[in-house]
Structure formats: structure tokens, C-alpha cells
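Naming follows writing order (A, B and C), and every chain is counted from residue 1.
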């Protein structure tokens, strides 16, 4: 019974991680039809920002939840102005340019931090469920993912900015005709998306050792989750994260972590073959 | 169209030619001894490769300052393989065929060694592989100065069982080294009245160990023995401590610390972990003190030094000793001299060459992590490479050229 | 093949043959061999992406599959002729299967990218997890992360002791590259190829004209997979070891970068892009001032933003406008110019 609880916590946790790592990418993809392949590196930079901030004496929660998103958001703004802006409407070209950006950022991080693994300790102690010890930080991540989704929903459905954003998402030309400058909207969106990537990187930093190439381990999963989810930001990410998190954890427990990873990938292939527009291309159409 | 294409091709040929001319290495003084080095000094393995490169350069500086080898200076030709296997093949061939070096020191991962070993053997260029590895390579052209699993496991496992109890849970990296080390742990556990109750393997990129930690608790062992490798696996120790397991189940490892991991983990995460290696900067010997001060003199501080950097340093000195004894640079003469049982006094203790296997006989120190340092608990003198000795005899079969799967 | 095409192909082939023949006086043949292999690999993606409009994020999967197939077969058979053909056939069949699954499922652009990426990742993860003794094919251990060393390298057919090594191996790979180039030119010039290019431009229109786009795309994808497999087979014989790194994302990325830098919609472009960047990588390995990845990334960004058509087509049009300025009269309409430029 205790073991079952532990397994459920692990499954929830892995769904939460998928939500966190996909949210930034999903916002940018859903709103702008831009796939940011440097997303993993944005997370990596969020992680380093957190570690540097903590090491220079800033409170760990402030570093994770404020410093990391801000740093990466500003970086995203710069990237949007310098690179992405020139490539709107050219999906493949943006993918390639951001891929180049990802290599570039890995190189820069390597030159600054070296390839040695760095990290900080999680701020929450473990506790026990029956006979089992559980990593307390896992709960923090689950809560963070829930709060994030709720906040996204609130912003998109409850605020004027959210309304404009959704409008632009559906018909950019109409939004523009109504007097909203799509340029500004895209800029703000990219800032928010990048900030979310930074947030994810910051939150995950205490759990995993950080090296400059860390981003590579996230980007594939995030990419797959977002594309499989389809164009609706919240429902899409939540549904595909749930599916993949469940599949990979069940196989990890039953067999081994490799099989868990492979199962996730196979599930993605089958899913896309059956639903070529992603989950929300077929179900929950037109939701957020 | 045609003219333009022709011009372009001509241009690109000229470009290529220009590139070549500019990269042909500067003329060596004709009489220098040429030492080739191939290491990953960039890319994901550079934490291993960079200090190895520094150690090699320090050793060469020392030899040159003492008058060189046979009255000649040593000249280094070093290539950075950027943590990519295809580049090992490329640079291995370059060292053997274009640069025509006298010896090659280098290679980090086992795959990188196998990528150049045959090329160097065919071109009759002496090869030193100075890294802790899984054992079993049997080839008269190669000398290996790192420790092998049996040398570590025969010390760390009995000590752990004596200290904590018989039930062992093994975690290992899912590749050659991990698989073989896991089998040695199982063997020594049995011989010392213990038992390996479970063994889990992890690919090198697994970074999330939540479910594994739950599984370990379900099995409730007395000891966890880890042969996890690399940056991603480091998160295991962090997650283990974060789950509050550190105070409940003690741990021993054959790999933690090789890349200076004990300095990355905090003291709370690392303290008390039991390991066995050839080197710790805490060793109190004259040879180590002079090595540390030499390193400080050249690089400022000693924080990058680790196990395999010292192996590389010792490897270069072993080779130099062999050359001095042979009195010539001729490969066969140097090999025979090295087989004659030479030894040097390195920072990790006395290193001598076992003529049957071309592996090193070394001191192995049982150590414990303590305040981000490796505290030496006990030193075991001159441990034989018993794993490779079980399968390889170059005295009887000098033409052998295989990497054996060590039988256990 | 139309007469103009024939002339054009013969011209490029002869020129390339001369360049490949004189190259050994500038560079060592073992370096040239790997550059030619890279060129072949780039050509495979240049064909399916540049002419079929199929962006494959997983060309490395076929490359690695070819190399592994060769290594495993060579260990079991001990003579290289059959393994060599298997090394081309396996990736070809696999690509056909994967292509059929994707194209008959009407997947397009991003989704295609995800699937090919995922398939490559599966290979990468699986091969990395095969270190245990239970992963054996015949006498060949898959070896996991450490890969498979010590297999028979290419030999003269029928004589396992007569290795094709060094210079001979270089001339062999160079010959293979030229042969494949001619074959691909023929394929593109054939009615099949014309329709394939039509699909790239407007799939719907081609379908309405009664052609089966799905079949054609699948065949083109399979041919690309086969050529990548051939490159992998040659790589295995050159490197004498195959490792899971062949399936890695960075390997896939590199192939795409070669094509972008060299120029899409041409065949010579990707080959030149691969050779130039491959050589650049070797040169960069001899310095340690700047991180190599950084430079590669910067090159990719700059090319996508500033020179999206790649070196070869851009040089082509720069030259033409230069030529036009000198003549002060250009009778070519811009439209015609664009089509010709896609013919390099």
C-alpha cells in the first residue's frame, strides 16, 4: 500500500516535470507557431542563473522563482529582436536558427562554467510515507506545475491581455486590423515563454546536476510533448504530459528507466500516427 | 553557369589547400622526441580530459627540465577530440601517419581507446592508456596504468561488508565498465560472506532516480554500492540525500570521485561514502607533496587534480623510465625494457608494470569522503591487476590482440 | 535524361573527379576519406530535403543503422562484400517502412520532424543500453555505449585478406560518391524526379493531376535512407569502430547544418558544405581558444538569417548579377533564373 502511494507520487511528479519543461515551449508554439529549439538551453541558463544567485547569497526561492525567469526572459527578448523577428512565418527556418542558437548557448556556457557538473541542494527535506522515504522536493514540483497551469488559465481567460493573446493566436490578421500591433504581442509572448523556460530550469536545478549540455535532455521530451499535445496550450500540454508521464513511469517501475524512456518515445510515434494534428487537433478543439 | 562553377570549384580547392598549409605543425627540431596526446579537452568529457592534459604537460615539463630523454627534449603534439569518437580515429591516424610520433598517451572512454588501438598497433606506435577502466585488454603494443575493477573492488567491498552488513544493492552505469564492475562486486560480496540482492543498470543520460530510490527502499539492503558514471548520474547522490536516505543506508562506490565529484557534492551529501582509488590529494608522501607543489607552480591551484589525471602523469613517467632503461626510442626496445619490471615512485605510490598483462601494479587506498575531501583510511601496497591476469598472458602469447571479457 | 542535363552532369562529374584526384596532394587520404563520407551523407539529405521537401531530423538514424548493420554482418560473415550490400539495404528498407508509415498517414512538416527525431532517439537510447551479454546478434555483441570494435573492414570481394585500406580506400569512396551523384542526377531528371520536385512545390496540385504523392515521397525517402546507410557503411570501415554516437542528435544536427550552409535545392551544395565544415571541425580540434560548438551554432544562425539559400546558390546568383552588370543586358527573366539555379 505504501509502495503504491510512492508510485503514484512518482507518476504525478513525472507528469509535473513534463508540464514544467513544456510550458514555455507550448506558449511560444501555440501563440506564434514558432518552435524554439533553444528551449532546453533556456532552461539550462535558468538553472545556472539560479545556482549563481544562490551562491551569491540570494534566497533560493527568490532565485528560482524570480531571478531565473527574469534573466531568461530578458535573454528571450534579445533573441526575439535579433533573430526570431526576421523569421516569422517560416517555421522550419526558425527551428534551424534556434537550433543554431542552442549550440551557440551550449558553447558560451561551456566557456563560462566549464563542463563540470554543478548544482545546489534541494531546500526541502525528505519525509516518510509508511516505510518509505520520499523526496520532499517532488511535492514542491507537483504544486509548482499545478500553480503554473492555474495561473496560465487565469491570465488567458480572465484578463484583457489574455483575450488579445487568444485573439492573435486564432487570427493574427484580425487582431492587427483591430489595432493591436502583432509585433508587440509576439515580443511579449516570447518574453513570457522564455521566462517560463527559465522558471522550469530554475525549479529543476536543485534536483539534477547541471552541465552546459543539460538542455539536450529536455528539449526532445518538451518538443514531443508540445507537438503531441497540439495547438491548445493548456489542455494540450496537460493531456500529453499525463499520457507520457504515466507511460514512462509505469514502464520505469516495471522494467527499467531505459524501457521507460523508449516507451514514451514509442507512445509518441503511435500517437502522432493516429492523431497527426496532436491530441487537441482532434479532441478539445478550440480550447486553450 | 559553367564558368562560374569552375571558378567556384577552383576557389574551393585553393581554399582547402590554403587551410592545409596553415595547419601543418611548425617544424620540429629534428632531434626532439615526439609525444602524441589525444584527449577530450572540450565537450561533455572535458572534466576528465582537461586535467589529464594538464598532468601530461606537467610531466613532460619535469622531464624536459631534468635534461630530457636520452639528451633530447620532448615535443608534445596534442589533439582535442571534442568528446567525439570519430575524431579519435581521425587524430589517431594523423599522429601515426603524418606526425609520426614516438608514443601516444591518451584516450579516456573505452570506446575511444578501441578506436585508436588497432591503428597504433598496425603502425607500430607505442600506446599508453592511462585511465581507470574495466580491464581485459591484451595487446603487446599498449600499456595501461589505471586501476581496474578487481583492484578496487577487492578492497572496498570487504571493508564495506565488515563495516555495515552483508546485503548489497548494486547500481551501475549501463555500459561495459558498469556491467563488469557489477560482476566483481557480486563475486567479492559472496567471498566475504555478503550477498548482492539486486543489480540495476542505468544508461549514462538517466538523471531521475526517484523510482529507483523507492525500489531500493523496498529491498532494504545494508549497503548500496554504486558504479554510476558521469554528470547525469551525479543527481542520484543528490536525490538520495534529498530523500533523507543518506543516514539510513550507507554507500560505497568505485567511481565517485574520479572526476572530482566529491568537490561538487556538498559535505552533507557526500560524507561517509566509502571508495578505493590509487590517488587522493590527502596522501602524505614526499612524491605527492612534490607533485602538488609542481602542479601549483604551473597552474596556480590544485583543485582540478583527480584520479585519472594522476594516472596520466604517472603513465608519462613510466614511459620515460622505460625509454631511459632501453636507451633508445625504438618501440620494441622500449617495450622490452618496460616488461623488464620497471617501477616509478608516483604521487599515488609505487607504480610498476606487470609484464604478463602490461597493466600496472599499484597501491590502492581505502578512503572515505569527509568534508569534500577523500580521507585515506588504509593503504594497500602493490595490488596486482588480478582481473586481467586471469585472461591475459603476453609472455606466453606475445601476438595476442583482444579485449577479453574478464571471466569471474 | 535530357541532353542539357546530361551535359551538365557529365561536366560536374568530370570536374569533381579531377578535384578528388588532385586532392591527395594537399591533404592526407584518411582525412579526405571521411570528408567524402560526410559529403555522401549530406547528399542523402540534400536529395530528400532539397528535392522532395521532406525535412528529416533523423538522417543519422539511417547512417547509424548502415554502420551497425555492416559491423554486425562483418563480424558474423568475416568477408565484407555481403555486409557492404546489407549496410545499404537495411537502412533503405527501414526508411521505406518508416516513410510509408508517415506519408500514408499524411503527416507533414513539424510532425514529420518529430517522428524522425523520435525514431533516432529510440535507436540512440536502445543502442546505449545494449552493454549486457544478452544483446548478441550471431557472434556480435552490440556493446552498448562502447560500441562494436574489431570487425572486418572492407576487402577486395572474395578475398578477406586483401584489405582496401589507405589510398585505395579513398579512391574507392571517391568513386562511390561520383557514382551516387550521377545516379541521383539521373533520378531527379527522370519523370519520377520531376514529379517529386512538383510535390515539393505543391503537393495538392500534383495529386489533383493524378499522381500518387505518397508513393513517390516514400520511394524518395527510401533512396535517401539507402544513401545515408551507404555513408554509414563506409564510415564503419574507415573508423574500424561503430558507437551509438552515430545516432546522436548532434550528428543529425550536423547533417542539416551542412545542407543549409552548402545550399538546399542543389546537390553539389550539401556535399561542399559537408566537406568544408567537416574540415573546419578537424582544424578547430587543434586549437582550444574558442569552443567548437559555439562556432558551429553561430555559423548556423548566420546562414539561416543572412544567407538562407546557402553558399552555392548565393555564389551562383552573385556571379550572375555580376555577369549581368558587365554585359548590361540580361535576357533571362528572374523566374527562369531561379529555376536554373536549382539545377546546380
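Simple rule for what comes next: contacts are C-beta pairs under 8 Å (C-beta built on N, C-alpha and C of every residue); 3 or more make two chains touch, one makes a residue touch a chain.
Worth saying up front: this structure is predicted, and the values here are computed from it rather than measured.
*Asks:* Without chain B in the mix, what are the joined groups of chains?
*Replies:* one piece
*Asks:* Compare the CA centroid of chain A with every other chain's and tell me the farthest one.
*Replies:* Centre of mass proxy via C-alpha means gives B as farthest from chain A.
*Asks:* Rounded to a whole Å, what is the gap between the Cα centroids of chain A and chain B?
*Replies:* 37
*Asks:* Which whole number of Å gives the spacing of the CA centres of chain A and chain C?
*Replies:* Averaging C-alpha atoms per chain gives centres 33 Å apart.
*Asks:* Among the residues of chain C, which ones contact at least 2 other chains?
*Replies:* Where chain C meets two or more other chains at a single residue, that happens at 125, 128-129, 291-293.
*Asks:* I need the residues of chain A touching at least two other chains; which ones are they?
*Replies:* Chain A, residues with two or more chain partners: 110, 258, 261.
*Asks:* In chain B, which residues are in touch with two or more of the other chains?
*Replies:* 42-43, 174, 201, 203, 205
*Asks:* In the complex, go through chain B and note every residue touching chain C.
*Replies:* So the residues of chain B in touch with chain C come to 1-2, 4-9, 12-13, 15-17, 19-20, 23, 41-43, 79-82, 84-87, 89-91, 93-94, 97-98, 109-111, 114-115, 117-119, 174-176, 178-179, 201, 203-205, 402-403, 405.
*Asks:* Could you please specify the touching residues of chain C with respect to chain A in the complex?
*Replies:* Against chain A, the touching part of chain C is residues 55, 101-102, 105-111, 113-115, 117-119, 121-122, 125-126, 128-129, 249, 253, 256-257, 260, 290-305, 308.
*Asks:* Help me check something: in the complex, which residues belonging to chain B touch chain A?
*Replies:* Those residues of chain B that touch chain A are 42-47, 50, 174, 200-203, 205-208, 210-215, 217-218, 231-232, 234-235, 238-239, 241-245, 248, 259-261, 264, 266, 268-269.
*Asks:* Quick check on the complex: what are the chain A residues that touch chain C?
*Replies:* Within the complex, chain A contacts chain C at residues 35, 83, 86-87, 91-93, 95-97, 99-108, 110-111, 216, 220, 223-224, 227-228, 258, 261-262, 265-266, 268-269, 272-273, 276-278.
*Asks:* What part of chain C is in contact with chain B in the complex they form?
*Replies:* 11-12, 15-16, 19, 22-23, 26-28, 30-31, 34, 125, 128-129, 131-133, 143-147, 149-150, 235, 238-241, 243, 245, 268, 272, 276, 279, 281-288, 291-293, 312, 315-316, 319-320, 323, 340, 344
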